[in-house]
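Labels run A, B, C and D following the written order; every chain starts at residue 1.
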Amino acid sequence: MIKKEWMTVLSQKSIAKNIYELTLEGELVQEMNEPGRFVHLKVNGQMMPLLRRPISIASIDQANSRFTMIYRAEGEGTKLLAEKKAGDTVDVLGPLGNGFPIEEAQPGETAILVGGGIGVPPLYELSKRLNERGVKTIHVLGFQSANVAFYMEKFSELGETYAATVDGTLGTKGFVTDAIHQYNLQADILYSCGPVSMLKALEGLHLTKKGFISLEERMGCGIGACFACVCHTQNDPTGTEYRKVCSDGPVFPIGEVAL
Amino acid sequence: MIKKEWMTVLSQKSIAKNIYELTLEGELVQEMNEPGRFVHLKVNGQMMPLLRRPISIASIDQANSRFTMIYRAEGEGTKLLAEKKAGDTVDVLGPLGNGFPIEEAQPGETAILVGGGIGVPPLYELSKRLNERGVKTIHVLGFQSANVAFYMEKFSELGETYAATVDGTLGTKGFVTDAIHQYNLQADILYSCGPVSMLKALEGLHLTKKGFISLEERMGCGIGACFACVCHTQNDPTGTEYRKVCSDGPVFPIGEVAL
Amino acid sequence: MSRLQTKLPGLTLKNPIMPASGCFGFGREFSGLYDLSVLGAIMIKATTEEPRFGNPTPRVAETPGGMLNAIGLQNPGLEKVVGNEIPWLSQFDVPIIANVAGSQVEDYVEVARTISKSEYVQALELNISCPNVKTGGIAFGTVPETAKHLTKKVKEVSDVPVYVKLSPNVSNIVEMAKAVEDGGADGLTMINTLLGMRIDLKTGKPILANRTGGLSGPAIKPVAIRMIYEVSQQTTLPIIGMGGISTVEDILEFYMAGASAVAVGTANFANPFICPELIEELDAYLIEHNIDHISDLTGRSWNKDGKRTYHCS
Amino acid sequence: MSRLQTKLPGLTLKNPIMPASGCFGFGREFSGLYDLSVLGAIMIKATTEEPRFGNPTPRVAETPGGMLNAIGLQNPGLEKVVGNEIPWLSQFDVPIIANVAGSQVEDYVEVARTISKSEYVQALELNISCPNVKTGGIAFGTVPETAKHLTKKVKEVSDVPVYVKLSPNVSNIVEMAKAVEDGGADGLTMINTLLGMRIDLKTGKPILANRTGGLSGPAIKPVAIRMIYEVSQQTTLPIIGMGGISTVEDILEFYMAGASAVAVGTANFANPFICPELIEELDAYLIEHNIDHISDLTGRSWNKDGKRTYHCS
């Protein structure tokens, strides 16, 4: 169920240039069942900034009623969020959307998890869950540069992990697709989150039979009521059929929505 | 000279219902020479609230580069101000306007200082200075009720002090003018700050030959550039002659401006 | 909560607070958050004759104290709205106000005719402030004669009272209000959004794919208050006020300006529970301030009595 | 700072940042805070033929992300402005743009004639967005023909280029801009304030004694950007943009929308040092981003080149 709660900041730390890891505590964590869902945050109790910010759930610790997000402090809202200290509170609406279906990967199969930039975070909880299920995970993480890369070690603990950076300062120089080619990576199922250009390139690779991608879109309500975040379907790319990223997604099977 | 400085909160405490005493530290205090001038405060570094808030200087401690204000937390801005804690900073523009002329009271004379509500604070520094100059001070302080009264003891230390409250919970029941009548108070010079209705009533009393009153008006710039805070003069009550409360005032000789 | 009960043409409302059109879809999503029966009414998303996908994304952008949207009237079309959405919503004990849009007079007339015949629809809200209309451009909402004509045509076919939603993008809002009053409108809803734009400094292009969009939220409240103040003194039509409402104080301000009910749009995004919260807080406020009935406040800023034609009977 | 130097009709500016009319008086007060010679120009307070006291107080009210003002064109009158204020201001090395107001065509013409003959005035800004005009009401700023006629009459008598200040309270800003272009305007300044109101809940009355006032500040920025975007594509007149500017990012947004210079109004109240600060920051921004000249950004949102007629020569 979707809830709204003032959750308490347990810790906040900078883990790369402008990248923060924020852990919150509260009841709402009990509703978090699936990797790939997101929360919608109001960074203060004031009128500005007006809108909530959608941020993915990066890892869940239900036993302790905590969850962690990783985000880039860039605009007005995320910069204010980065100022929060342990003990402060944050207004959280969530969990929202539909996550990555882990049941689509069978125990013994190999899943390739491909993330780009701030699309990486939701793959972390996903990888943990897949591994628990006995699915082997390969991680390919793309960043602009080494100084904004994060969680390489954490992913390495869960499976093979490759990096690609645009400037070559970490891993393969280039994009995640370059790393996939370089290491000739193979898998049964693909899970991905990142910029549309990356998702498109991955779709074009036809690397696996099954695949799931997570989209980003500017949002109003975050719950499916305002039609801010819709996209066309591949079935009806110019017609009136649509999906809402916030409530039908953000995760879709490859081939469902027009990128 | 008018300066703008991020000053540091030394202390903030609630001294009556919704009434706060706030002490700030910084260079700007060196510019504060006269009682009755004010500062223009931006309560945060954000876009809302947009405008500064004018608050009187209640007492000045130049040796320690500190000054104190007393204000009522009522609207959006003053409520945010009330949240400031020691160590926080406040954006202060000032000192602004022209204060109470202490040289108009001669040593040995008696000054009556009449304040109403949040008009009381600037009279405190004034009273200290008059006493230093050898002027005897009588204080008449009007409040709605005992629970919003403040600084009665501090004023008592400087001279005879009378209270008037609308509900009679402290001192004379009624207005400051009732207290003045009740105790048949007499003086050589009047200094007053408070609501216009009170200033008008005082003007009507013709209690002293000389008198100075401090006005309030909604302000834009606070420095005399925007014409937000003008008032007519008694010489030309419907014409184009005017005074700006922020830069010609807030203190005017009785009889100068139309109330 | 009888001090909140509100009677307007075609509508008997438990309370005068309702979600504004386009910010609440057809209620399905919010029904998962709270019981929609607590609401005064629901203004459903604009309905057009044919299904519409709307504009490309991005469709929203944030601005200082407000937001821009260019949804482009996305909706499943008249048939599905009347066949599925409205009947589904009728399970709740809450009046439905159907927002009617179109590209030309005939479209509006067709939608109004059909949707007003739905047994669950209590009133229409004629959206003449849409920037995407084909014939006449924004003329429906900015040219008095055109607005009057449209209102008349819709009134001829509607089985329920018709509220006309005014656009603030005009020099003379009173003239527009009088025109639709002449056209037979039963009430007004105001204001729709102000036309605005934001540019993304990284790309140098407008953030919205549609380039311009409608500005809503607290930033536009002073414009809404001013327009309701002007119009409420010059027409006898009841006004459902909207534009930046997010607190009880805002609601009181709209009433004092001249509103007889209010709608909450953008604030639902920051706090999806805002409508039920405001309903409770407004009731508490009236009790605390010994106000017998919310309608006593209508027009208080210009009318000593504060009594108007439309209030609880 | 040659990358900031800006040439506009009648004006050679060290930089394109100037205080907006009405927010800076005649410069006396701000001259005590910093050297006015750093400014690109100064738009002085509106001048009318006769001295004016303006409206009763309160004259300002705060709104979400903005403020309302109803100063009512208080000024010492043409004679004193030309005789005292302008000569005093001429001690600074900064172009003066005189804001001209009036109640009827003849007033504007008279003020324009006299003030444009002052050796210190480089350009006029025709304020046709004042809500207090006698003849024709707000017609000067909202009826294209009237605006065109006025512009023409003023152009006939003015010794310096005439910029017309457009009101945002219209349905079609392009039509207004084209009308004053036809009337012979040399440039546009936009936008003036949106008409708004706030009600004091304690008294139930409007906060402003004048009841309505002009809305300025960040809240109106999206409206300004939209209008400049539209107008800059449809006329060849250079635009001095304003409406909510308080950061360098805001200035860039105005340029990308189509402005060739900018003015800062309300932000001077929150931070009286804002103009010199923005001038330094803008220069630093251009250096950091390898932008040769600020004018390269003009119209970038709709024009690939971003080059327009008016820029540094």
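Some points to look at:
Everything below uses one rule, namely that a contact is a pair of C-beta atoms (placed from the backbone, for glycine too) under 8 Å apart; a residue touches a chain by one contact, two chains touch by 3 or more.
Remember, predicted model here, so these are calculated numbers, not experimental data.
Any chain that touches subunit A and also touches subunit D is listed here: B, C.
Across the two candidate interfaces, A-B and B-D, the one carrying more C-beta contacts is B-D.
Relative to subunit D, the most remote chain by averaged C-alpha coordinates is A. Taking the mean of the C-alpha atoms as each chain's centre, subunit A and subunit C sit 36 Å apart. Note: centroid distance subunit A to subunit B, computed from Cα atoms, is 56 Å. Across the assembly, subunit B contributes 47-48 as residues in contact with two or more other chains.
For subunit D, residues touching at least two other chains, in rising order: 63-66, 217-218.
If you check the complex, the residues on subunit C that touch subunit D are 63-66, 68, 138, 142, 169-172, 194-199, 201, 204-206, 211-212, 215, 217-223, 225-226, 229, 244, 249, 252-253, 256-257, 297, 300-301, 306.
Within the complex formed with subunit D, the residues of subunit B that make contact are 1-2, 4, 42, 47-52, 76, 93, 217-232, 239-240, 242, 247. Those residues of subunit A that touch subunit B in the shared complex are 46-48. Note for the complex: subunit C touches subunit A at residues 22-25, 28-30, 32-33, 45, 51-54, 57-67, 69, 71, 74, 76-77, 207, 217-218, 246, 266, 268-273.
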